[in-house]
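As structure tokens, here come the structures.
The same chain A turns up in both complexes below, where it pairs with chain B and then with chain C.
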Partner chain A sequence: MRTFLLKRLPSALLVLLLASFLVFLILRLIPGDPATSLAGPDAGPAAVSAIRAQLGLDRPLFGQYLHWLGQLLTGDLGPSYAIGGQVADLITDGLGATAQLTAAALLLVVLIALPLGVLGATARRRPVGAAVRAFTTAVLAVPPFVTGVLLVLLFAVTLGLLPAGGHESLLDAPDLALQYLLLPAVCLALPSAAVLARYLTDGIERALAEDYVRTATAVGVSRRRIVWRHALPNALPSAVTVLGLQIGHLVAGAVLVERIFAWPGLGQLVEQGVLRRDYPVVQDLLLLIVAVYVTVQLLTDLVYAWLDPRIRWE
Partner chain B sequence: MTASTPPPSATTATAATTAAATPAAAAAAAAGHPGAGAPPRTVLKVTDLTVGFDGTTAVDGVGFELAAGDTLGLVGESGSGKSTTALALLRMLPAGGRITGGSVELDGQDLAALPEPALRALRGRRIAMVFQDPMSSLNPVLTVGRQLDEALRAHGAHPDRRERAARAVELLDLVGIPDAAGRLRDHPHRFSGGQRQRIMIALALANDAEVLVADEPTTALDPTVQRQILDLLTRINRRTGTALVVISHDLGVIARTCRRLLVMRHGKVVESGTTAELLGAPQHPYTRQLLAAVPRLETPSGAAANSVPGPEPLLTVTGLRKTYGSRRRAVTALDGVDLELHPGETLGLVGESGSGKSTLARALVQVHAPSGGAIRFRGEEFGRGGERTARREVQLVFQDPYSSLNPRMTAGQIVAEPLIAHGLGDRAARAKRVAELLEQVGLDPASADRHPRAFSGGQRQRIGIARALAPEPSVLICDEPVSALDVSVQAQVLDLLARLQRDLGLAILFIAHDLAVVRQVSHRIAVLHGGRIVETGPADRVVTAPEHPYTAELLAAVPRLDPAPVPALTSRSTV
Partner chain C sequence: MTSFPTAPALSRRTLLRGGLAGAGLLSLAACRSAADTAAGQATGDAAGPRRGGVLTVGTGVDFTPALLFAQSANTLVQRLVFNTLTRYDDKLQPQPELATSWQVAADGASVTLKLREDVTFHSGRRFTADDVVFAVKNLQNPARSAQLRSTATAVTDFRKNGDFELTLVLAHPVSNLFDLFEFMIVPDSETVEEAFAGTKLIGTGPYTFTERKPGSSITFARNEKYWNPGRPYLDGVEIRVVPQAESLLSSLKTGQTHLSYSIRGKDIATLRSDPQFRITPYDTGSGAYYIGANLTAEHVSDKRVRQAIAWAVDRERLVEQALGGYGTVSATPWPKSSPAYSAEAAGHYRHDPERARQLLKDAGLTGISLPFAHSNDPGNTAVAQILQYDLKQVGIETVLQPTDSPTMQKQLIAQSMPALWTLSHGFAQLHPATLAVSAYPFNEAKNSSRFSSPAYTDIVQRAWQRPDSDSPEAKALYGRITDVLLDEQFVIDLAIAGLTEVAVGKARGATLNKFGYLNLDDAYLTA
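Let's look at the complex of A and B:
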């Protein structure tokens, strides 16, 4: 496993470097400039160029890029342009809440997809199977901002069971924190769970048609055990790959869901950063997302090889 | 049908079976089991079994009785209903199949009428099954230990996990897996094909079933491995008294393992009796026809009468090497192969899986570049001009007539494809040539617009041959061209190849594992072993007086039709 990681590390770092370059470039390509937005609509060209000089924006682009890379390597991310405060502090403030939300959503994805996926395969010809298929299609077709509003309407407004939005620290009041967490996490998890369930159903159905299932039947293994212990393990490796890809969707989706449920995570920081052209904040956040993605892919490959003994860590 | 004394032939059985039989037979005699007088109990009684598939009848009124410890063979060609019969015994028919009549009585209990949960309790415990393809019949992501554990716990006989593990080791040991305890944690891909089939047998034996149904248990295996597996089945039958039902298309396999024989055709039993009777004096015309079609090792080569090879070699291979994989863990598939193929000659190439047969074929048709050595065609070396003429003149016929034809293309399109690829003729000329080729291989030219699924296996192989003939080759590389076909169809395809050689002066490299077939069609035989040619010589000489010990070993493994080692009835004891 160590050799596998050592082998993959250089390419992972290369991806990060490439991503940093693209992130840097894309931000500069967005029309508008932090100095203009900082100086305000009434400021003259002299004031704007003074601010540009102060922020270092008058230097050549490549120099700016190298400066940013240097900051990343030393770990000193520097001050934000427009939002105020150190970038590192801004990110750490929101990181916990966002991590909580995505982790909860990830857990829910697995908890929802596993039974639905198995049910979809085993109850294919029964009404339950049709219901599962209808549900996954519906969830996939409706975007999270609609699901979010519907969830709030049902559970917060009509039933009054859960809060419509907000956040509570998990350490101070765990029960309250979970109540706040549930709706946004479900809202975030549903589309990914639907995708994963579809893949699981497909994988289990294919495994159930394999010769080794016939073997298990012939030795007298029960149907339930065949599904869970013989077919499911064969469907898992490809499902894990899909799950790895879905984690990207979860992180991206969190931005939107945080907005609906007033969740104090990184989503709002991204939004503000983009609107006010706060280059350092947005650059660092986007690169963080890329880093998470690269790590997840690496882990996915490790888990895949662990689930499928025919693959070796090489 | 008494088994008081073993028939005389049993005394001449192979050393392995005799050794294994002795203790059990002695124990049985001492315990006064059947075998010492009383007629043996019937364990399985199939009466008028009928199986339907969406309206068509696949098995039509099959009936037989199986005594405890007896061995019964079911033989027939594809579509005869033999495998469907086997699956119907455990009521494990694929979707769409249903037992529409008759009964399968296991000790008086009708399996055909039993509810599913009760049936599940019997599967593996009273009646077990071994399937054809050991590569796909074991779960790739579960360890062998886990799979044995699953079989053992399925019937709750061993509640303790450690006890089950011990029993699993015992079972692997019984079927001859070396270092059984150490291998429980290995996954199936770490075992060879033969070992996997042994593990399948261990799974089937896990709960001491009285009846073991083996559906084509050795079809996917090499002859020497096939022999070992058949010996194992016989040994288990002798030692534990488990009654065997062996389903096979290969009469040699049945002759080796079964005391009684059932010949099936179109879902019906056409003839039954003891194996010795049926092979010695077949009554039904179909049985006679089936026996006549089986290629026999004793039949001398018919190649010389068919065509006379030219003096100058057409294709010359010298010191051919091929390695796969990275530098650090290279696998050598071909290790200095020398061959010559003359015009109008058939060179038989035999060897087991992994010997490099298919690698050689691929190198000759330039799918793989060799790692070393040289191939010359008409005196010109590959890489120096020879490869260009060879690309058109050396053509390949594939093994599997099912997967080697694109199901979305018509027969005509398939045959025309090489013509298009080599830029031969315009549309009208191609259509004319396709009709000509189909006629040449014995197919109706009017069938050119039909898709492969509309053809039988033998007809599909004819399409494959027509495709290979399209660019007017001088060399045909046939990679196991008849091993996927029934014996009667096999004979027709072999006749076709002989006729084509006679008419067109083709040189044929005939790659196969069946030595009887190879002797029949070849002028010379080359034996490939571990990437090297260990022996080359005239076909008849190689078979009758092999020079290399490996050739002798291959010859010894060929199942014969003489029903010499007919196993005697044995009484039952648990393993």
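Let's look at the complex of A and C:
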């Protein structure tokens, strides 16, 4: 395994190095630069030149690139240009907030999809089943920015039950934090819950059509027991696969939902970083994403190699 | 046919589940409500100022620490943590703040300031004349991107007379010296770089910086040792960042936010009849909408084409439809409070498509097409589309070029704008010379339009380099600046729309200075 790892590690590092170069270059190719962004609309060329010098943007591009690589290797990501504070702190805080939102949404996906999926399959020919189908179709058809505004209008503006947006620390005020979390998590969870519910409904319906279900019914097993103990467990594996795919959608969807609910996660950080041309924040975040993918790929290769010796010997 | 079982009898398991669910609901009910907590607790009644409470201010744009010493889209922090030397009243007359009195030399070559002696920074260090020297030198640094740097660099020497009296020696008289004193916050010299990075803000102002969560909020607590006796009333202030316009409006409606200056005009219009809100327009901030023309571009190099554009625009419709009625139609940059304001000049260009067509005909042009850049946010896109329609009516086709803010700023500064663009500018709410020496679109030395004229430079420099700003001679010079602007139309002014305060009824006493710095010295929350 060690030999296998030593073979794969250089290529992973090479991918990271190439990715860092591309990320660095692409950001510089976007029109506008941090100095003009920082100088403001009424600034003159002197202010822009001074800011460029202060940020080190007047140095040759390759020198800037090497400086960034040096920062990465020493673990000191340095300060943000425009947002303020240290990049490492910004990413850590943003990551925590996004993870919180995504985890809550994932939990809600399961909690919503499970009863809906079962209800959709067991009450197929009744109004309840039609209502479930209509609900999942509507939730899938309406984009999250509309769902978000509707949720705010109903629960914050009309009923006054939940805050319209914002964030509280789970450690400092857990009761308030949960209330701030609820609306964005629901908004993020609904489309994925609808997808999962439909898969569950299909899976349960297929399982209910199997011979063993007919046999169980014939011997007097209750319908509830058949659904929950036999059909549902058979439908779960494919649903779990779908749920895994939905995690990616949840993370991507968080970017939009964070903006609607003023949730200070990675989505907002990327948006602010790009809009203000905050190179350190954006390039570190993008490289982090690449690093996660490369690491996951490497780990997957290792697991395959562990499971199948032929791969190790290739 | 399979029949579904009937409802089972109440089992222990069901009973347990029901009990747990009930307990959960009871726990939720016993929790604090985030909606109520965010809306703030009542601390007094409407009869007068009351101490206590935390005021929440909503903003669409996060604080940019690197723009602490410049006017930017978010200037809410400056006057909470820091003080300025003087502050303007409604008639643009300076009033004492850290400077208690001042004497401008007869020849305008110096100004002597007497400073408060009872002021300490939040760190406990005493405020002295050295801090004013530092503040001026700080603005002279081009990296601070302070728009009034030209005025700050006119200060060439500092003469201290003790710790609390200081004479600023000027290279030449400047008519907008008190614009600088209104603009220049006095930072703590020992922590200025941390302030510039947004990690530590130490000033002499009414609130001390508590915490910043980038992209989310900034919080402040009352400065118990503030030099203004009995102030501030509030226990603290929270500036909450809500980038989505609809969400910001919702947070005001729910009371989660007490006050905002970032509500769009068309949204304010929907609150006008709601007694829950108080709406106060200011002529401060960067709020004059204009069309810029690149004088090196084809067709618009001809003055008659630029004048045709000025006649073609229906400014009333623009204000009504794009700004929700919150703006003033004007062909000049000056708001009514400006010494340069003239009703006649403001109404010089009206909506007259026939006259515009005639001017184009005189220029020998029919059916021209021009690129037209605009900021890609929804508000500015709406403005650009209205202008595009008006120009089309007189035979000017425009190709809209939505551009993001950093790109547009780079093009503006690099003088590489297309033939036309639309944006907004500030600095007309101050002494008129400030606009022509500090706002880049109008800068006589170098501007985005590539306009230069010895006559314009001469008038601007004469208006700026004089000891007074309100004399008949000064006003005559302002009139001549206006005449050049109206004739040349390298900046085609359309409408003036300053900041508009939207406050829930219980939030009282907030004000803005001429640069949009939020002043909460006298602010309080009623019951």
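We take it that the second predicted complex is superposed on the first by the 189 of 314 C-alpha atoms of A that agree within 3 Å, B and C clash if a C-alpha of one lies under 4 Å from a C-alpha of the other, contacts with A are read in each partner's own complex, and residues count from 1 in each chain.
The rule we apply is simple: a residue touches a chain if its C-beta (ideal position, glycine included) is under 8 Å from a C-beta of that chain, and two chains touch if they have at least 3 such contacts.
Keep in mind it's a predicted model, so treat the numbers as computed, not measured.
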| item | value |
| --- | --- |
| Which of chain B and chain C A:Gln268 touches, first, second, both or neither | second |
| Partner chain(s) touched by A:Pro45 [first = chain B, second = chain C, both, neither] | second |
| First (chain B), second (chain C), both or neither touched by A:Leu29 | neither |
| Which superposed partner A:Tyr180 touches (first chain B, second chain C, both, neither) | second |
| Chain B versus chain C as contact partner of A:Ala164, first or second or both or neither | second |
| Contacts of A:Tyr81 with chain B and chain C, given as first, second, both or neither | second |
| Touched partner set for A:Leu73, first chain B, second chain C, both or neither | neither |
| Superposed model, chain A: greater residue contact from chain B or chain C | C |
| First (chain B), second (chain C), both or neither touched by A:Pro309 | first |
| Partner chain(s) touched by A:Leu6 [first = chain B, second = chain C, both, neither] | neither |
| Those residues of chain A which chain B touches in one complex and chain C touches in the other | 217, 222 |
| Of all residues in chain B, those that touch chain A in their complex | 90, 92, 120-125, 128-129, 131, 133, 136-143, 147, 150-151, 154-155, 187, 189, 200, 203-204, 206-207 |
| Chain A-facing residues of chain C, complex | 2-5, 31-35, 37-38, 62-67, 70-72, 141-147, 149, 197-199, 212-217, 240-244, 246-247, 250-251, 253-254, 256, 286, 404-410, 412-414, 423, 425-427, 438-441, 443, 446 |
| Residues on chain A engaged by chain B in the complex (per definition of touch) | 210-212, 214-222, 225, 229-230, 233-234, 237, 307-310 |
| For the chain A and chain C complex, residues of the former touching the latter | 30-34, 36-51, 53-54, 79-85, 90, 93-94, 148-149, 152-153, 156-157, 160-168, 173, 175-176, 179-180, 217, 222-224, 259-262, 264, 268-269, 271-272, 275-277 |
